[in-house]
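Both complexes below contain chain A, partnered by chain B and then by chain C.
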Partner chain A sequence: MTFDTHYFDIGRLDRLSYKNTFVHRLDPRVKVIATMLFLFTVISFPKYEVVGLVPFFLFPALLMAIGEISVRFILRKVLLVSPFAILIGVFNPLLDTQTIAVISGIPISAGVVSFLSILLKFALTVSTALLLIATTSFPGVCHALRRLGLPSLFVSQLLFLYRYIFVLMEEAMRITRARDMRSFGTRGSGIRVFVRLIGTLFVKTVDRAERIYYAMLSRGFKGDIPSLGRTGIKAADLTYLTATVAFLAVFRFYRVTEGIGRLAQGLMQ
Partner chain B sequence: MHMADALLSPAVGTALWAGTAAVTGYASKRLKREIDDRMIPLMGVLGAFIFAAQMINFTIPGTGSSGHLAGGMILAILLGSHAAFLVMASVLTVQALFFADGGLLAVGCNIWNMGFYACFLAYPFIYKPLAGSGQKPARILVASLVSAVVALQLGAFSVVLETLLSGKSELPFNTFVLLMQPTHLAIGIVEGFVTAGIINYVRSARPELLECMTMPRPLGASVSLRKILAMFVVLAVITGGVLSWFASTHPDGLEWSIEKVTGKGELPEMAQGIAPVLRRIQEKTAFLPDYNFKPAGNEPKKEAAAQAWPGIEAGTSAAGIIGAAIVLGLILLIGAGIRSFRGRDT
Partner chain C sequence: MSHHIIEFEDVFFRYPDGTEALRGIRFRIIHGESVGIVGANGSGKSTLLQQMNGCLLPTSGTVTIGGISLTRKTRQEIRRKVGVIFQNPDDQLFMPTVFDDVAFGPLNLDLDEACVRERVRRALGTVNGLDLQDKPPHHLSGGQKSSVAIASVIAMEPDILALDEPAANLDSKSRRALILFLKAFKHSKLIASHDLDLILEVCERCIVIGEGRVVADGPSGEILSNRTLLEENSLELPLSLQRG
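So, the complex of A and B:
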């Protein structure tokens, strides 16, 4: 992934959160809790579970549909980060060769099933985590985390980091562009030049932090970044949370998918 | 080396979340007492700096492949343990949220693996004693190299342990260690050189920056004790590394994993032929036998599979697959339905 796409991708995820839909209007705290519960439920499934995981795609699908988030964008981001999970999971079919099912003559080994299970869990957890930001905005999540009890120093840290990512990334982009303009072939891409570039960027960054600090002091900074928005938990938030919990409980503890399959088999006969 | 949610079990994920949360709470509390407000914007902007620095690539000498900075060590050296840990935690949280690099549950593991060791072990017990007062470039280079390598080795080893304890992957312990440790040795050496280079550059360009940042953390009188401790840590890591190397360079094991990684050789036969050997090694080195550490032991595998997969009969799995197809179809329909409905609305 090249520099520019990396940069513009963050910007795009950020802009998605400016929309004003039902999901976007929900209280950030509720969304954070619902997302964590969802992730926890998904990874609590045993290693060989595949069928039971399928209904859980309803959750990200609904969020994308109601929140008007582009499916293709989320899919692309999920694919981009998939190598590590695939690298670790791909050994399962090779090492766990016990046959556990035969589907239309083709034997299926336990390893294939557990690999499939890892892939499904990966797609579910990554897409839901991305959707949390896409429907809530990063500052929204940060303030929610503070009100849920995270240390305020850490939350300020997150907010600062987020604010200056865009500024410093543009600076880094200018630096690499300048290096590329002056380099020919592999010249200038070595470690020596890199160290100088990073060193310069660091010095500039520290100077910038100094200026930011004085600017903030003159505006009344006392070591904390408070949020102006005073949101309360409304009926819609409670409904959303209850519905999510009910959904998770039903599909975690009852084998709904197989039931539907049996019903279809019965109808066909 | 970002862990992913999909490879974690709830127990392991929660345990490391709790550990990381505790350390984060402790570090913020300590910082609140020690630092002035000036540090807060500095820490935040340095987090963004790590991000920007990771975007700039360089060519690793001799290999032609490109690398970038991980950043844990350099933050620890510039800011001290507590502040550096908070900055690393925030960087990894943003990576989890924006790039989905490692998930929201795995973020506990990731902060632990990439933040804790660098900030709370490698920096105070290895870098500080080795670098001394931080005036000689050569000492800074040695100290950065050793501490970056140790921090990355510990981190990589934690990834192995976390994955195996979660039991979602079938990779046997020895193979996994053999995959992770040498790769991260190389990464650690590069990271060490880069870290030392940046510190030395900043020291020569703007010495007052390093001084004012390192001032409020005097080494105190406990240097000698720290030195002894550091020696012990280094010794333990080296012994552990060498021992695990011997354990895993059992000739068959090595050949086997290399062929496995490169995809050469006939795999099923290979697994069969090597199974007894591996099982013997496993029996010798086995700990926590209840977890899925066993490589290709056939009998226990059968049992486990039967337990975790209650309905082996064809009927159940057929119903499952049909059901899954129908559910997926329904989800797609619902999604598309809502979308087109809203499209008409607006």
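So, the complex of A and C:
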């Protein structure tokens, strides 16, 4: 992937968050809390859990469906970061060779199961976190964090990061384009030129930071970024939160898949 | 009304790297005047505007605004009176949404919530930007960005407006809207620009700056039709005066 496509990819994730669906309209605080609860519930499962994790895919699936987020987009992103999870678990089958199950004559070692469990947990947590960003505007998430008690300095940093990542990337894109236009083949695109480009970008950024600081001072900046609370918690938000908590509690403490299996068996007989 | 007088007296300014940007600027602007500042690239226009609200302080000489002499201590007070609109709207719009950005100044003036919302509404209304409220600045076009940058400054209701190259990067329609807005703004204003037609239309007075000094100061019509003076300062006659 070239720099341009990376840039437009981030832009796409950002644009998704400005849609107007039921999920997008929910109060950001509620979504942050629900996502946190979901993450903790998934992580709380023991090392060899596989079956119990599967039903949890219902949660991101529902979010995707109601929030009108493309499945392929989220899948691509999950695949992009999957090497990290794979690296963590890939040696488990070699280290933990004790057989714990036999399926159709093939012995399954504990390591394979725990590896699978890691992959499932990874897919669940990353896709849900991505969906939070895709269904909530970044400033919304920041204000939610602020109102949930995160220090203002930290939130200000996040807000500036969001505001200027696009400006910075556009600047980097312009610089690389200018280089590509005047470098033919490999000449001009080597590491030494690259280092200088980074230097230029850094100097430009420092200059810009100074101008931004002047602009902030001109408008009475005194060390804290003030903000107005925009939304209150509505009935829909509470319903969503209650439903999520109920969903998580049921799927965590009651073996849903087993229940469905039993039910099916009962019906067959 | 004597309290909105802008006075520069022998203002010198040297950047830390040794560049002498201003070398004895001297002028006086009375309330309600609109003044164009023109000059070649690097003549000191932007530096001069940054002295207006204390982003930079003179190395020697005095800047007096509304009877208050500009020092490190009086900067805060002067910033309430003077709204400076910088050249690049990306530097001016630092908050994540348009609403937050326009509300930034009023919130820092410690106004209550209802008042802040009213100010934001009025300021965005003035620049026809009410429907942009919830957008993030990076989704705006260049013209929209500069409108919002203006709104973010007028939301503080300054007595004096200082603009650095306000029409740069604007399409004709946005530029026209800007000119109409500037004409309607009744308080004092200082506009630094290379767009001499804009200066001719908006400002009754014009100051030419060259190498950090005031080269000429007089009615815009007179100065901007003086071909020799303009050419000496790397400028040329405004397009509207070139024919005939």
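Observations on the structure shown:
Basically, the second predicted complex is superposed on the first by the 241 of 269 C-alpha atoms of A that agree within 3 Å, B and C clash if a C-alpha of one lies under 4 Å from a C-alpha of the other, contacts with A are read in each partner's own complex, and residues count from 1 in each chain.
Just so it is clear, a contact is a pair of C-beta atoms (placed from the backbone, for glycine too) under 8 Å apart; a residue touches a chain by one contact, two chains touch by 3 or more.
These numbers were taken from a predicted model, which means no experiment stands behind them.
Look at A:Ile66: by the touch rule set out above, it reaches chain B but stays clear of chain C.
Once chain A of one complex is fitted onto chain A of the other, the partner contacts of A:Ile212 extend to both chain B and chain C. In the superposition on chain A, contact is made by A:Leu201 with chain B only, not with chain C. Look at A:Val50: by the touch rule set out above, it reaches chain B but stays clear of chain C. When chain B and chain C are set side by side, the one touching more residues of chain A is B. In the superposition on chain A, A:Pro107 makes contact with neither chain B nor chain C. The contact surfaces that chain B and chain C form on chain A in the two complexes overlap at residues 138, 159-160, 162-164, 167, 208, 212, 216-217, 221-222. Residues of chain C touching chain A in their complex: 50, 53, 55, 75-76, 79-80, 83-84, 86, 88, 90-97, 100, 103-105, 107-109, 113, 116-117, 135-139, 152-153, 156. On chain A, the positions that touch chain B within their shared complex are 3, 6-7, 9-10, 13, 35-36, 39-40, 42-44, 46-48, 50-51, 54-55, 57-58, 61-62, 64-66, 68, 71, 77-78, 80-81, 84-85, 88-89, 91-92, 94-98, 100-103, 110-111, 113-114, 117-119, 121-122, 125-126, 129-130, 132-133, 138, 141, 150-154, 156-165, 167-169, 171-173, 175-176, 186, 189-199, 201-203, 205-206, 208-210, 212-213, 216-217, 221-223, 256-262, 264-265.
Across the complex, chain A is touched by residues 2, 4-10, 13, 24-25, 28-29, 31-32, 37-38, 40-49, 51-53, 55-61, 64, 66, 69, 86-87, 89-91, 93-94, 96-101, 103-105, 163, 167-172, 175, 190, 193-194, 197-198, 201-202, 205-206, 209, 260, 267-268, 271, 292, 295-296, 298, 301-302, 305, 308-309, 311-312, 314, 316-324, 326-328, 331-332, 334-339, 342 of chain B. Considering their complex, residues 14-15, 18, 137-139, 142, 159-160, 162-164, 166-167, 208, 211-212, 214-222, 225-228 of chain A touch chain C.
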